[in-house]
Structures are given as C-alpha cells and as structure tokens.
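In structure tokens below, several structures.
Two complexes come next, and they have one chain in common, subunit A, joined by subunit B in the first and subunit C in the second.
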Partner chain A sequence: MSQAPGGEAGFPAMTATAAGSQIRRRRRSLGASAFRAFSPYLLLAPAALIVIAVLGYPLYFLTRLSFEQFGLAELITRKGTWVGLDNYSRIFHDHQFWTVLLRTVIFTAVTVGLTMVFGTLIALLLVKLGRFMRLLLTSGLVLVWATPVLVAVNIFRWMVDYEFGVLNWTLTKLHLGDFLNKDWFADPKTGFVVISACVIWGAIPFVAITIYAGLSQVPAELVEAAEIDGARRWQVFKDITFPLLLPIFVILTSLSIIWDFQVFNQVWLMRGSEPEEDYWIMSVYSFVEAFKLGEYGFGAAIAVVMVCTLFLATFVYLRQMVRMGEAR
Partner chain B sequence: MNRAIANRKVASRLGWNALGLLVFAIMIFPVYWMVSTAFKEGQNILSDTPQFFPTPATLSNFDDAIHREYFWDVVKNSLIIVTVVVAVSLVIGFLAALALAKFRFYGRGLFIIVILGVQMIPLNALIIPLYIQLSRAGLTNELSGVIITYLTFVLPFTVWTLRGFMLGIPRDLEEAAMVDGSTRFGAFVRILLPLIAPGLVATSIFAFVVAWNEFLIAYVFLNDPEKQTLNVWLAGFTTMRGTDWGPLMAAATLTALPPLIFFLLIHRRIGFGLTAGAVRG
Partner chain C sequence: MKRRSIGALALAAALLVSAVAVSAGSSSPDRQHATKVVIWLQNDAENGWKDMVTATNSAFTAKHSGVDVDVQYQGWGDHLTKFDAALAGGTAPDVVELGNTETTRYMAAKLLQDLTTQTKSFPNSKTWLGALKSSCTYKGRLFCVPYYAGARAVIYRKDQYKAAGVKSTPKSLAQFVAAGQKLMKKYGKQRNYSALYFPGQYWYAGLSFVYDYGGKIAEFKNGKWKGTLDSPQAIQGLNQVKKVAKALSRANKTTDEANPQQALVFSKGRVGAFIGNGWEWPYALDKKVGNPSLAKKIGAYPMPSHIAGKFMPTFLGGSDVAVPVTSKNKALAYDWIRIFTSNAQMRTLATVGKQIPNTTTLASLNAKNPQLAAFANASKYSWFVPTAPNWVKVENARVLKNLFQAIITGRKSVNQAAKDASNQITKILNQPVS
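Up next is the complex of A and B:
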C-alpha cells in the first residue's frame, strides 16, 4: 500500500477552497473521529463476511479436501482421512487427466481467440456504421447477451437437430455437402464445433460492446493524423488503436480465459446431462468424479489443479489488477 | 470532383451498413429461430423443409409450457431468488463501495486486491466444498443456500463498479452541500445518491442476470422439483418425454424474457460502467 492509513493526504488535487472547507470539517468532526476510524470497517463488514464465508472458507476447504480420501461414507461421518498427495499423484498418473487437460486448453484457446477476433471486428464495424444500423446491431448484441446460457444451449441443440434442424438443411441447400440427417454429436470433433459456436456466440456481445466503448474514447485526431500521413487501415489499428486499448484487451482476454476454461453448462446440457468421456473438459471431469462417482476428495484435487492452471494462464492480468489495487 | 468523393463516401457507408445488417442477421438468427419455433404448429416444426415464418401462428406451445408441472413453483422460486439477491447485493455492495471510495484505512488495499482476485476463482471449482458445507448446515434444498452463494458471485462486481462511480464524484460537491448547512447524511442523500444512480441500476441488472441465468449451483443444491429454479426446470424438459421442441422453445422464450427486458432498459450504462471500472487507474 502506498498511502498512509487513516490520512486524507491521499487526495492530491486540493484546491484552495477545498482546503479551507477541510479545516472547517476537521473542527466539526473532532468528536466523531473515533467513529470515523471505525466506520469503514463497519461498512465493509457485511461484504467481507459473505466473501469470507462463501469464498474464503470453501477455498480452504477445497484445498484440504484435495489431500483427503473423502467419499460418500465420509460425507455422512463428516470426516475425511488425510492421504497426503495421493489424489494428486493419481491425477498425474491418470492418462485421462492429460487428455482432458489438453482438450480443455485447446477448447479455451479456440473459443477465446475467436471471441476476441470476432468481438474486435464487430466493434470496429460498429464505428463505421450509420446511426440507425449501429443502434440495430447493438440492440441485437444486447439481445444475445441477455439470452440465458440454458436457453442458448437449447436453441443450438434444436438448430443442429439431425432430423429437423435448420443447420443441416441450410448447409445442404448451400451445396456445402450432404448434411441431411447428420448427427453433429456423433463425432466429438463436430460436437465441439457446435459447443464452441454456442459459447462464442454468447461471449461476443460483451467483448464487442466493451471494445466499442473503448474505441469511442480513442481521439479522432490521432487516427486522422495517421491517415493523412498515409497509414493504412491495418497500420492505424496496429500502431494507434490497439496500443491505446491494450489494457482493455488484456482484461477482456483474461476474463474470457477464466470463463471459457471453466465452461460446464454448455457441455453438460448439450449432452443431456450425461456427457460421454470424449466430451469431458476439466469442470465436467471434476464434477463427474465428485457428484456422480462420489469421489469428493479426488474431484477437489482436480478443481485445485484447474484453479492453479488458470492462475498461471492469467498471470499478466493478475499483476495488472494488483497494480490497480495499489495505485489507489 | 467533390461529388465523386461524396459519392464514394456514400457508397462506402452503404457497404458498411450492408455488412452490419448481415452481422446483425447472423447474430440474431438463433433467437429468432427460438421465437418463431415457439409460435409454430407441431407439424410445421417437424418438417423436412424448415418453415422460416410461423404461419399459422399458434399459442398452444406456450399454453403447454405454462401448464407443465411445477411451472409456477419454479417461476416463484426464481423471482424470490432474484429479488433477494438484487436487493441485498445493492445494500451490502453500496456500503462496501462507500468504505473503499471515501475512506482511507488500514487494509484497504488488501480488500481491493481480494475483490479483484475473487473474480479469478472459477466458481465451478468451489461447488464441491460449498455443497458439503451447505449439506452440513442443512441448507441444501433451501433457496437461502443458493441466494448466499449467488451473492458472492455478484458482490465483487457490485463493489468495484459502485466504487468507480463514487470516485467520479467531485469531493467539492459533497463539501459544498455540507457548507450549506446540510448534515453528512443529508449531503449523501441529496448529492451522492442521484449521482451514482446509474451505477446502482447497472449493478442491479448485473445481479439480476447472474441470479436469473445461473444453472449449476441451483442444479446441485436444489433437489425437489418444486424447489428448483426456472433454469433447472427447463433443463429437465428434454428428459421428460423425448424432446418436445415447440413447448421447449416456448418455455425458453419465457425464460429469456425477463433479463432481456432489463438489459434493453439500460445496456448503455452497463458498457460504460464496465469500462469505467476497468480503465481507471
């Protein structure tokens, strides 16, 4: 922390009048100074309590569970047995784990990458549009944004239905091949195409609208000056827009990684709550081990590995966040 | 010469708008397909050539959906959960944001880091310990367990966004009000509250959408069919008797409606609020 605790000195730009009123206030609040010292803690207490109870303790509990043999029997006796690193060594010797991890990493990379690319392109497009078209497109994005995941999953399942789905019909009509009665989920590869499409579709609006909000803050003179100097559109983006928006890109990419790495609903529900092993990604793997097989300790260990992987993947973001916390 | 340039400008604007329309159509199509399916008659849903416009339109799918078992129970549950989460998160989040924005105290930096770091933790990873904890406390199958958990999803964002709005308020404003003889509380109500009203709206929408759309926690914690939320009920639609696309799409339309209405009311402010919190500092 850079500021001395308790002092008002942290607010730099004090005008003369503000300084005058500060003296007056100091005199008035002398009696209340003790209250003032405590009040921020009182104000914070409820939020802190909830965060500690529903996040802090479970996080500790999760870590402890991952070192325990904790199954259905232990759920009733309420006591796990300490087994040290057994769960972890089991994970790392489990060839299924490596397959699932690799699958999750690829899935995350593809969905985050495509979300960012499409989101950025749509944001750049929004700048070029006339007022009416812009309003129309933003409203459309908001509509997609507001669609609950569960609703989206059901729509996509319906669109790719092998008998009456609109997608198979359209692709066949477009002469892209014979898609009649194609079951997209028969092969996990095409199955994941549908799942990714559903995830990306739902994620684009947030990215596009946030980047657009950032773009509208880029000074127009800068872009014009560059264009007069003969810069191409791509160069303008690369050398001016992108560097200015870099903080937003870092935040959005990191948030997308966090969200897409732990995707559960889309896979779980697309496969009718019983995903085949070929469809397991990290969160599904952990969930199945814990809640279907009753191996809570093992499932917890997988979850811990998942959290650690995420921390590594979003290290840059974390560092930036910590800096932001310190700056104020 | 000038006219040529103007013509080219118009042409390029037209081109961009056409592209915008295409993107709009692609993005919006799944939602359109849901709504149009919801209004179609059974035999038109299951036709080899998809029917792109629902003629004749019918309400029978909606009728079927709302008369399914437990529909009104789960709607009531979802509404209770959403209302409590929004109200409580606003009050608690507001107080915490006030502390962070307007006071300097020991541990402040730490709390901010915690608030930001919390968003890093995949909540799906916490479902195992949460489930065991809640089952010990006897809170599984109770709405209150779900509500407490949702609050934690929502609070970090609420605190961070409201803090951003409060930081944006010039200190002079508050002080001017106090010099004018108003108490601290009076200054707060008349000056601070109206200025952060957009922030309150934005965060309440966020809380609404999170609580309304969440699936996994409710799915694991709430077992009895009459205790479940709309989302969990919707997920059970398929397994009841194969997939009945018409009523399913009608139910999905109904589920999507409330967050949509709220979103459309204020989406500009959400975009602003998010970037305000993100770029500052």
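Up next is the complex of A and C:
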C-alpha cells in the first residue's frame, strides 16, 4: 500500500525557510516585525486547515467510534451508544488480539529488516556499477516502484499458483524437490514467505535509491584514506559509510516500520479478500471485525490501539532523529 | 496592451460561463426522467440465467417508461461488506438479493422493508417454497420475497465413468469412493486429475457428510445456542470428508468452489465429478468460458448416503430478494420484484437456470426434465444452517471454511478443528444481536 513517502519531504524545506528568516531578521518598524513573526503561521494556515480537515476529522471520528457500540442497525440511525472503555477492555481480553499483535510485530521486523538489508546491498551495488548497468538497474527499481500493489499481488499469486505457478515449475526443474501442486498458503509460514516477498519487493526501490543518493555524498577521500590505511570493505562500510549515513538509515527504517506495520492489501488480496485467521495482522483484524462482522466500534478501537502501538514503536526513532537534528 | 489582455480574459470568462450554462440547460430535461432502479443480483444469475433478468427488465421498462433499470452483479465473497457500506453511505440498491442464510441478521436489524401488508400482491405468495418463505420471515413478519432454491448433486463425466468400468451410478458412499478409486486408477497419472473435485473450503458439500452421519452445526437449548460440530456423529462425518478428499481430490486445499469456478475446472477435462448446483451444469458447457463439446458426456446423480439406497442430505441453498429501507423508489422496486418472480420468469429460471423455482406449483417442471431430476431428487433430503440472527457472522468469520481447510490440509486434527469451530460458533451465535 503506502509506498509514497508521506510528509518527510517537508522537513528540509521548512528548516531552510526558518534559517532564512533568522538571517534576514533586521530591526525595522514594530508593525513589520510583528507581521514578520506572524507571517510563517499565516502561510502555513491553508495547509494546516487542509490537514485538519482531511486527517483530523476522520481521526476524531475514529476515536469517538471506538468508545461506542456501533453495529449494523446504527449504520442507518447513525447514532452509536456510548459504552466507555468496553471495546478496549474487550480487545485486551481477546487472546486473538495478542496473537495478532505478536504476528504483526514479527512480520514487521522481518520485512523491515530484509528490506533494509537488500536495499543497502543494491545501493552499494549501484555505486560500483558502470553507467549503463546503473541506468538499467535504476530504471528497473523505478518500474518496480511504479507497479500498483494490486498488479504486484496478482503477479506473485500467479507465480505460486497451485496448478500453473512458474515458481513451482522452476523449483521443480532445478531439482529442489517436488513443488508441482505445492500449495504455499496451506501453511501460514510459507504463505507469509510469499506475502513478505511481495511486500519487500515493493519496498526495496525507495530504500535502495535513497541510500544510493546518500552514498554518492560520502566523500571519496575518506574512503580512499581508510583503504590506504588497510581497511577492508566491510570495515569501510561499518566505520565510515554507515555512521555518515546514519540519519538516512534511521529515517528509512522508521518509515518502513510505519508502512510494514500497517500492510493490508498484500495480505487481503493474496488470500482472495478472505484471509484465514492464521493470516490476520492488525490491519486485517481491524477490518474484519469492523466491516465483515459489522462491529464498527470494536474495529475502530483496534485501529486506535494499532495507531498507539505504532506511535510507541516509532517514538524512539523519531526522538533520535530530532536529537540528531539538534546536534548538527 | 494590458487593457487588451483584460478584455481577452473577460471574453474567455464569458465564453466559459455560457458554455457551462448551455451544458446545464441541455442536461436538465434528462434529470427529470432519470429515475433509476438499482438492482443487486448475485453473479449466479449472470452466469446461469441472464435471460430471466433481461426479460424482466424489458417487461419492467415497457410498463414504466422512462425508468432505467441498472442491474449490478455481485460476488458472494464480499457482497455483504459492500451492501453494509452502501447502506451507511446512503447508496444502497433498491432491490438486493440475499442468500437465504444471510437474511436473518438484516431482518433483525430492521434494514429490510416490511412487506407483510402487501404479501398477496406478489405472485404465487400462497405457494412459495416453505424453506424460502421461512428465511424471509422474522417474528411473524415478511421482509423479502423468495427467489429460488438450489440443491446440489454430483455432476459427472459419463464417458469417464464408463471408460473406468463404473457401470452404474453409485448407490452408497462406499460405492462412490470405489468408483472414484477406479477413476483415479484410470486417469490419475494426469497431474491435477481429480475423480471428485473437492476444494478445501467447500463447506456446503462438506457439511452434507456431517448431516448424513446425524451431526449438525448447532442447537438451541434453554435460550442459548451451542455449537455441536464436535459431537461424535459430526466428527464421524468430518472424518469421511477428509478420507474422500484425500483419496479422490487434487483440488486446491485453500480455495473454495467458486475461486476458480469448479464448473469451469470441470469443463477443462481433468475432473471426473464435482458436487454442484443445477446451474453449474450448463455453465460448464458455456460457449465462451466452458466447453460445449461435453454436452452429451455429462450426467448428474444425487450424492449417495453412507446408508445404501439413501441420498446424502444436501444444503438447501437459495436466495431471496428484498428492498432495503433506504430505497427511494420502493413502489418501483416492488413492481420489479413482482415481474421478476412471476410465473413466466420462474419458468425460465427452472428450464434455463436449472434451479428450483420459488413456487411449488412449478415443481413438476423439474421432475419432467431428465437434467433436473437428480437435483429435484436431491432436494428431498436437505439440511439448513441454524436460523440464528447472528448466523451470517459465522459465515463472514469464515468459521466453516476454516474448519474444512484445516481438516483437508491437515493443519489440525479433525477433533481439534471440530472443537475450535464449535466453540467459535457457540461464541458468535450467543453474542448480542447487532
């Protein structure tokens, strides 16, 4: 789903204008300086209003819904019954919730980890490649990035199709075992291998291209100096490249966590819009409860819990990011 | 220079305004006639008896000139999710088809228009099939109109049975398995060949085994529901499903009978038999997606019971049509339903669609037709899901699909899977109705 970088593009621009206004601050008339102090907010206002309208209201509505009993009948009357924390206590007493949470955390850890590893490796490869091959690989990455999730999922589904899967055929031809009529989704472990592969495949381009952009900023003389001092490639990466690119890695990791923690489409579509319980991750769990079982209030509560969990998980990263920004 | 550009701008603006005005003017007379009746039917109608829908629409538009009919076909997998969302968004259709297992919850939530006072205005209302009528009745009031019923039977390849040395259609489950094993011996070397195509989530067919051995899904006692799929009889039935699927089927164990459509898999030739609805027979022969050359090679017989000479109970599936309370064209919606369920259309449904029409007065149509006899016979022994308001939640939570998938893939032991499903059913059916 969410592969497009959300708001991070705004940060550099904002700090730049802030710095600019500081430099240009001169003593002038009182009215002008008041206007100057006020003008950034004035300029931000339209965007802020849109954000509040587009994000704020649904968030408010979701939170309100999570405190209500809201079922099928309430869809028509459009009035839920306030039940306080009932939905939340139901969640925490539901053993399924804990299973789903654990599954989601593991899924996120694996997909983010592998995305970062493969993304970094591809970025390092891009640096070493000649111009033509680099162009080829970059266009490949961009194509992957441009592939809609729906299309990607269907391609992966076909590749592992029970009767006609080309992956099954290839593995069998390579004498790795009898994979014809292998049902990858019969066991959730192999099922999640396919789903994770699809998620990672779609996430790599952004990570690889961003890290590559960072790598091209690493001063060549630093690397050269280290190599003259006898550093091996791994040591160069560990002691020079990685520390220099740490902010990029932190940002990419936290963004990936946010994306992978709320993966929905890949699981939903891969299992034909009816995922078995073994495939429920947080987003699917919330959707099934709300929209399949008509428990909109309970589903909303799960979504709120999911947002809070995500916030806690990324808080550490965000804090570190802000600190690094201050240190510079 | 400046003045000229302002003049040009004004001219452009004037042109734009007049263009808008013209288009608005031309579209307004259309709007007066734009009454549109939106109908949601399941895609069984699209695949099996589209003639009936076309004929209904032309009869309807002939009567109500200027009213558009927009029939939108839905799939069983997600049509309720869509319907709920449409209800909330105020865009629900004027007529909706609901499966006879799905109606109770909507009746209980008062989302369907109460039709009690005008029951008699619908054709054949006195002779509606009892099973369908009861799926439309909640607390003594009528909320929908019976549409059709469907029974499943074994649809098989006569030529393959003959070539494998099966002389007559099986009369008991043991004979059925023996016949299947002969087919597997003869054709089993082909990859993906199934003597009986039985996808892992096919709960309608799977539960017939449970009912055949005397088990059932749930029972209502002392004001509470209790899941009973873990009873010894039910477990016996489930064990048989596992045995039959393992011996005779190479179908995908994690899909259901509609994805891919089993009739189409059958039409590709590597299937000896499948348990299907009446409409799936002609669907297998469809010119576009099926294989018309099989026309003379297909037959059907009721699935035999484990007791020789008896039939296995079949799921009495069916559909009803209802008018959501949100409809703004209720009178038109009722009239569309009246035409749709008239004798003329029900005849088409029986002869083209090979389904059981909604009225007992047309039952003889089926008995006379050799293609329908097997299904009509099968429908004499049937089972139905518990009529609990929350039942549809059991379906939406995929409890039964999960049960059979777990058993057939071997993810869980039969006992464990049955116990899990049973507990889940107890829990869901006893939840407060919402």
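Everything below uses one rule, namely that the second predicted complex is superposed on the first by the 272 of 328 C-alpha atoms of A that agree within 3 Å, B and C clash if a C-alpha of one lies under 4 Å from a C-alpha of the other, contacts with A are read in each partner's own complex, and residues count from 1 in each chain.
Everything that follows uses one rule, which is that a residue touches a chain if its C-beta (ideal position, glycine included) is under 8 Å from a C-beta of that chain, and two chains touch if they have at least 3 such contacts.
Since this is a predicted model, take the numbers as computed values, not measurements.
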First (subunit B), second (subunit C), both or neither touched by A:Leu246: neither
First (subunit B), second (subunit C), both or neither touched by A:Met159: first
Which of subunit B and subunit C A:Leu72 touches, first, second, both or neither: second
Most subunit A residues touched (candidates subunit B, subunit C): B
Partner chain in contact with A:Leu135 - subunit B first, subunit C second, else both or neither: neither
Contacts of A:Leu269 with subunit B and subunit C, given as first, second, both or neither: first
Partner chain(s) touched by A:Leu102 [first = subunit B, second = subunit C, both, neither]: neither
Common ground on subunit A, meaning residues reached by subunit C in one complex and by subunit B in the other: 75, 163, 272-273, 291
In the complex with subunit A, residue positions of subunit C that touch it: 77-78, 80-81, 84-85, 87-88, 105-106, 109-111, 191-192, 200, 250, 252-255, 259, 325-326, 393, 396-398, 401-402, 405, 409, 411, 434
Residues of subunit A that touch subunit B when the two form their complex: 1-8, 10-11, 15, 17-18, 21-22, 24-25, 36-37, 39-41, 43-44, 46-48, 50-51, 53-55, 57-59, 61-62, 65, 75, 78, 122, 125-126, 128-130, 133-134, 136-152, 154-159, 161, 163-164, 166, 169, 201, 204-205, 209-210, 212-214, 217, 247-248, 251, 255, 258, 261-262, 264-265, 268-269, 272-273, 283, 286-287, 290-291, 296, 299-300, 303-304, 306-307, 310-311, 314, 317-318, 321-322, 324-328
Subunit C contact footprint on subunit A (complex, rising order): 69, 71-73, 75-76, 162-163, 180-181, 183, 185-187, 272-274, 276-277, 288, 291-295
Of subunit B, residues touching subunit A in the complex: 13, 16-17, 19-21, 23-24, 27-28, 30-31, 33-34, 37, 45-50, 92-93, 95-96, 98-100, 103-133, 135-136, 148-149, 151-152, 155-156, 159, 167, 171-172, 175, 178-179, 209, 212-213, 215-216, 220, 231, 234-235, 237-239, 243, 245, 248-249, 252-253, 255-256, 259-260, 262-264, 267, 271-272, 274-275, 278-279, 281
